[in-house]
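Each of the next two complexes has chain A plus one other chain: chain B in the first, chain C in the second.
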Partner chain A sequence: MTIISLKFLLFLAVTLAIYYIVPGKAQWLVLFAASVAFYIYAGPYYILFAAALITVSYFAARAISGMHEKQRAQSQHLEKAEKKQCAAFWTCKKRKVLAAALTAVVGSLVFLKTYRIIISGLNAFIGLFGTWRFKPASIIFPLGFSFYSFQIVAYLVDVYRGKCEAQKNFVKYALFVLFFPQITEGPIARYDRLAPQLYEPHKADYKNLKSGAQLMLWGFFKKLVIADRLGLFVNSVFADLNKYSGLVLVVTLSFYSIQMYADFSGCIDIVTGAAEMFDITLDKNFNHPYFSKTVPEYWRRWHMSLSGWFKDYVFYPVSASKLSLKLNKFARRRFGGTVSRAVAASFPVIIVWLLTGFWHGAQLNYIVWGLYYGVIIIAGIIFAPYGRKLTAAMHINTDSFLWRLFQMLRTFAICTFARIFFRAKDFSESVLIISKMFGGWPSSVNFFSLGLDRFDFTVVVLSVLLLLSVSILQEKTCVRERIARQNVFVRWAVYYAALFAVIIYGVYGSSNTGTAFIYEKF
Partner chain B sequence: MEELIDILLTVKPNIDYTKEKALVDDGIIDSLDIVSIISELSDAYGITVPSTEIKPENFNSASAIYGMVQRLKED
Partner chain C sequence: MRKKETLKILIFFIVFAVLLLPVSYLLRPDDGHTKATFAGFYAEENNTLDTVFIGSSAAYRYFVPPLLWKNYGVTSYVLATSAQPLDTVPYIIAEAEKTQSPKLYVVEIRRLIMEDYNIKNNLYQESSDRESQLRQVADNMKYSRNRTQLINSTVDGDKTDWLIDIIHNHSNWKYITSKSFGLMLYNKKSSVKSATTIGAWKELQKFETESYAGEQLELENKTKQKLVNLLKFCKGRGLNVLFVSTPYVEDSQYIALENYAAEVIKNYGYGYLNCNYLYDEIGVDFSSDFYNSQHTNILGAEKVTSYIGDYIVKNYAVLSSHGESIAKDWDKAYESWSAIAAAQEQAVKSAVGKNK
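Moving on to the complex of A and B:
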C-alpha cells in the first residue's frame, strides 16, 4: 500500500477515526495495530525481519539500562578513585552488550545489501574449480529496512550514552520502530523526540487535522504533478542513453535533481502531514536544500535526519577517536592553518561519506557518489580562504543577491553532477554519461519528443515555479498559517485549486497508483 | 578563559566569543569547526572529549566550552 494510493487515504481515515474514538490511554495501541497491519500488508515476511531486530534491540537496551542502574547504585557511596573503577567496569560490560546488538542490527543491514555480491563472488571463485554454484535465495530487501535499522542504532547508542531510558514495554518499543507513516522512507526518528509523543494521549484537534491534510496535499502535488511528470522525461532519456549527449543530458540531470527533491520531500510532506493528523510532530527532513550556498550547507538541509544521524553516530565519534586526534595533532604541527584543518577533517569526512554511499547501495556508483561529496567538502575547506581572498581582490560584494544566487547555482550544479552516479544503473553507465555530457552538443534538439509534450512542459514549468515561490515564502513565513489567515473564499479557493491540480494534472500511470518513491528502494 | 578564547579564535577568527551564546544553534560554527576545537582542547588541556560530550549545549558559547573543559579536567 503506497502512501499515494487511495487505499492509504482510506486506511489513514479509518485509523484516525478509531484513534480519536478510543480512550487516550489506548491510542498508542491503535497506532501499533495500524503500523503492524500496514507493514504486513506491504510484505508479509518483512515483519519477521523487523520483529527480530526489535527483539534484539529491546533486550540489549534493557540490559544496558539495567547496568546503568547498577552502576549508579554501586557508586553512590564510593570515593572518587573507586567510582572511576566502578565506571570502567560497567562501561566495559555495557560496551560488550552494545557491540553485540549493533553487530546484529548493522550486520543484518550489511548482509541484506551485500549478499548477492558475496554469492556472485563466491560463485566466481568456485567456478575456477568446478561447475557447482550457490543459488542466491530470493530475499527481497525489506521495505524501509535502511531507515528503521538506523533508528534502532540511534536508540541503542542513546540508551548506552544515557541520553534516554530504555523502554520497558516491548509493544511500545515496537511501535517506535514500526510507526507506519514514516517506516518506508523516514525521517529517521530519535527516540527521545518521537516516542513520548506516540505514547501520550492526544485530543482530536481540527487545526492539526486540517494542517496535516494541507501538508499531505502539498506532498501529493510535489510527487504526482512535478516529480512523476519530470520522471517521464528523465526515464525516457535514461532508457536510451546512447542516443543522447551534451545539452540533453545536462537538462535531463537538472530535471532529475528537481524530480528527486519533489519526490523525496513530497513523500516526507505526506508522511509528516499524516503524523500531524495524529498530533505527532516528526523531525524535519528538508529545509529547501537548493537554496544552499555551499555543499556542507546543502547536506545540512537535504535528508536532514540521515545527515544528522551520521554526524551524531559516526562523524563525532570518529573525530573524537584517538586515531583522529593523533592525525589532527600531526597535521597541525606539520602543515598548520587551513591545510591542517582539512587533513584533520578528511579522516572522519571520508568515512562518513563512504558509509553514506554504502547506505544507499553496495554498488561502486554509490561509493563513488559518496567519495565525490567527501572530496568536495575537503576541497571546500582547503580553498575557502583563497576564495575569500579572490572575492576581496575582485571587490565582489559577497552579501549581494547576485553573488548568493551564483553560490546557490554553483551548489546546484555540483549536486546535480553527483546525481549522475546516483541515477545511473552502475558505474560504467555513470562514466558513459560523463563522457557524452561533455561532448557532442547537437545543433538542434526537439525536447518535446522526450516523454513530455508541450502541455506537460507547460504544466511542469508552472508547477516548478510555484514550488520555487512557495519555497521562497517558506524561508520567511509559514505558508499554511498565512493561508489560514485569509478569508474563507481565498482559503478554500487555494485548497480546491491544489486538490484539482493533483487530480487533473497528477501523473498516475497505467495502474492509477502513481510511481514508486525513489528513496523507497533504499 | 582568555586562553580558551585564543584557541577558539585560531580555529575560527572574527567572532566575538565573549558575546555569542548560540555558536552551534545559529550555525556560526559547524561540525568541522567542532572537530578542530576538540583537537585543540585535547592538546592544550590534556583532556579527551568523549563523543557523548559533543552536543550543541557544550559548544554554544565560550563559557559552555570552558565549563565542559573544567568538568573533564576534574574527571
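Moving on to the complex of A and C:
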C-alpha cells in the first residue's frame, strides 16, 4: 500500500476515525495496530526483520538502562576515586551490550545490502576452480529497513549516552520503530522527540486535521504532478542512454534533480501531514535545499534527518576519536592554518560520506557519489579563504541578489552532477554519461519526443514555477497560515484548485506505472 | 472538534463530490460519436422513444433513427458502442428504462457471434480487447447503480479505476476542446438522433448464406451463458425484444453459430431476424452498399433501416402518437441527417461510378 494510493487514504481515514473515538489512553494501541497492519500489508515477511531488530534493541536498551541505574545506585555512597572506577566498570559493560546490539542492527543492514555482492564475488572465485555456484536466496530488502535501522541505532546510542530512558513497554517501543506514516522513507526519528508524542493522548483538532491534509495535498502535487511527470522524461532518456549526449543529458540530469526533490520532499510532506492529523509532529527533513549557497548548506537542508543522524552518531564521535585527535595534532604541527583545518576535517568527513554512500547502496557508484561530496566539502574548506580574497579583489558584492543566485545555481550544478552516480544503474554507466555529456552537442533535438509532449512540458514549467514561488514564500512566511487568513471562498478555491490539479494533472492510474518513490528502494 | 467544524469538513467533501462528477465526465474519452450518442440519449425527453437499438457497430452503422421517423413515424435511438459485449446489454437496457419505456428493443448479436468465433479459432485477446470494449460502455454511462452493477459483473480484479473512472481517464485533459464541455453533463441532444452513417465504399462479394441454412455450430458455454442471461433478463422484465443479425460478409462458421443462437433465442419465445438470409428482400447490393466487409455505408444503412422499420411496424406495436414539439424535434433531426446523408450518398455514388 503506497502512501499515494487511494487505499492508503482510506486506511488513514479509518485509522484516524478509530484513533479519535477510542479513549486517549488507548490511542497509541490504535497506532500500533495500524502500523503493524500497514507493514504486514507492504510485505508479510518484512515484519519478521522488524520484529527481530525491535526485540534485540529493546532488550539491549533495557539492559543498558538497568546498568545506568545500578551504576547510579552504587555510586551514591562512593568516594570520587571509587566513583570513577565504578563508572569505568559499568561503561565497559554498557559498551559491550551496545556493541553487540549495534552489531546486530548494523550487521543486518550491511548483510542485506551486500549479500548479493558477496555471493557473486564468491561465485567468481569458485568459478576459477569448477562449475558449482552458490545460489543467492531471494531476500527482498525489507521496506524502510535503512530508515528504521538507523532510528534504532540512534535510540540505542541515546540510551547509552543517557539522553533518554529506555522504553519499558515492548509494544510502545515497537510503535516507535514501526509508526506507519514514516516507516517507508523516514524522516529518521529520534526517540526523545517522537516517542512521547506517540504515547500521550490527543484530542481531535480541526486545525491539525486541516493543516495535515493541506500538507499531504501539497505532497501529492509535488509527487504526482511534478516528480512523476519529470520521471517520464528522465526514464525515457535513461532507457536508451547511447542515443543521447550533451544538452539532452544536461537537461535530463537537471530534470532528475528537480524530480528527486519533488519526489522525496513530496513523500515527506505526505508523511508529515498524515502524522500531523494524529497531532504528531515529525522532524523536518527538507528546508528548500536548492536555495543553498554552498554544498555543506545544501546538506543541512536536504534529507536533514539523515545528515543530522550522521552528524550526531558518526561525525562527532569520529571527530572526537583518538585517531582523529592525533591526526589533528599532527597536521597542526606539520602544516598549520587552512591545511591543518582541512586535514582535521578530512578524516571524519570522508568517513561520513563513505558511509552515506554505502547507506544508499553497496555499489561503487554510491560510494563514488559519497566520496564526491566528501571531496567537494573538503575542497570547500581549503578554497574558501581564497574565494573570499578573490571576490574582495574583484569587488563583488557578496550580499547582492545576483551573487547569491550564482551561488545557488553553482550548488545546484554541483549536486546535479553528483546525481549522475545516483541515477546510473552502475559506475560504468555513470562514466558513460559523463563522457557523453561532454562529448558533443547534437545540432537539433526534439525534446517533445522524450516522454513528455508539449502539454506535459507546459504543466512541468507551470508547476515548477509554482513550486519555486511557494518555496520562496515559505522562506519568509508560513503559506498555510497565509491561506488560512483568507475568506472561505478564496480558501476553498485554493483547496479545490490544488485537489483537481492533482487529480487531473497527476501522473498515476493504470496506464502509468512509475509511481514508486525513489527513496523507497534505499 | 466542534459540530460546526465537523459540518465544515462534511460540506467540503460534498462540494468536492459535486464538482468531481462533471469533471469526471469531461475527462472521459471522446471518439467523436459514442459519448455524444450516450449524452444524446440521456437528453431525450422522458418516455418519448418507441424503439431502442442496442449492439455494436453492427447496429450503429445500420440503423438510422431519423429515417425511421420519416418513413414510419417511429422514434428510435441507437445505444450502441464499438464491439459492445453482450453481457453489458442488460445494464444498458436497465439504464435506458430509467428514462424511457420503449415498446421494443432491437438487439444486434454479431458481437456475440464474433466473440464465440474468436474463442473457437484462438483469436480472442481477452485482456486487451475486452477492457476497451467494456470501457466504451461503462465510461459513457452516467454514475448510477446500473453502471456499478455492470462493472461488478463484468470486470475482474481491481475495479477502483472503473468505478471512479477519472483515475483511468484523467490524462485526457490534453484532448479537451471547447466541444468537450458541451457533453460534460450528458445533457446535449444528438442533432441526428444517434445516426452514424458513413459515406465510404468498398466492393465486396456476397457470401451464399442459404447453402448453410441447415447447419448449426454450438456456442461455447461462456458465450451461450451471456445470451441466456440476457434472455432471462428480458423475460424477467417482460420486455419486447427483437434479436437481429445485420448483413455483412458471412462465413460458414458465422452462419452456423447464428443458426444455433436463433434456436436459443426462439426457445425463450423471442423473435430473431437474420438479415443475412434476406439480402434480396432488403435489396442489399454487395457491390455498392458496404464500406468494409463488416459494415454498410449510407446506401446499405438506408436499406436495412427501411426493411427493419417495415418489419417492426408490422410485427410489433411500436407506433405511438407524439406531441407537436417531439415531432418538430424529430423533423429537425431528419433534416440535419438528410443533409449529411445527401453528401455521403453522393460520395459513395461517385466512388462506385469512378470504379466502373
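The rule is simple: the second predicted complex is superposed on the first by the 517 of 522 C-alpha atoms of A that agree within 3 Å, B and C clash if a C-alpha of one lies under 4 Å from a C-alpha of the other, contacts with A are read in each partner's own complex, and residues count from 1 in each chain.
One rule holds in what follows: a residue touches a chain if its C-beta (ideal position, glycine included) is under 8 Å from a C-beta of that chain, and two chains touch if they have at least 3 such contacts.
Computed from a prediction, not measured in an experiment: that's the story for all the values here.
When both complexes are overlaid on chain A, the residue A:345 reaches chain B alone and has no touch with chain C.
Touch criterion met: A:315 reaches chain B, while chain C stays clear of it. Contacts of A:296 after superposition: chain B is touched, whereas chain C is not reached. In the overlay built on the shared chain, the residue A:209 is in contact with chain C alone; chain B does not reach it.
In the superposition on chain A, A:499 contacts chain C only, with no contact to chain B.
In the superposed model, A:89 makes contact with neither chain B nor chain C. Contacts of A:329 after superposition: chain B is touched, whereas chain C is not reached. Residue contacts after overlaying the shared chain place A:45 against neither chain B nor chain C.
Taken in their complex, chain A has these residues touching chain C: 6, 20, 203-206, 209, 453, 455, 492, 495-496, 499-500, 503-512. Contact residues on chain C toward chain A in their complex (touch as defined above): 1-2, 5, 8-9, 12, 15-16, 19-20, 23, 27, 160-161, 164, 166-168, 170-171, 173-174.
For chain B in complex with chain A, the residues that touch the partner chain are 11, 27, 30-32, 34-36, 38-39, 42-43, 48-52, 54.
Contact residues on chain A toward chain B in their complex (touch as defined above): 161-163, 296, 300, 311, 315-317, 319-320, 324-325, 328-329, 332, 341, 344-345, 348-349, 381.
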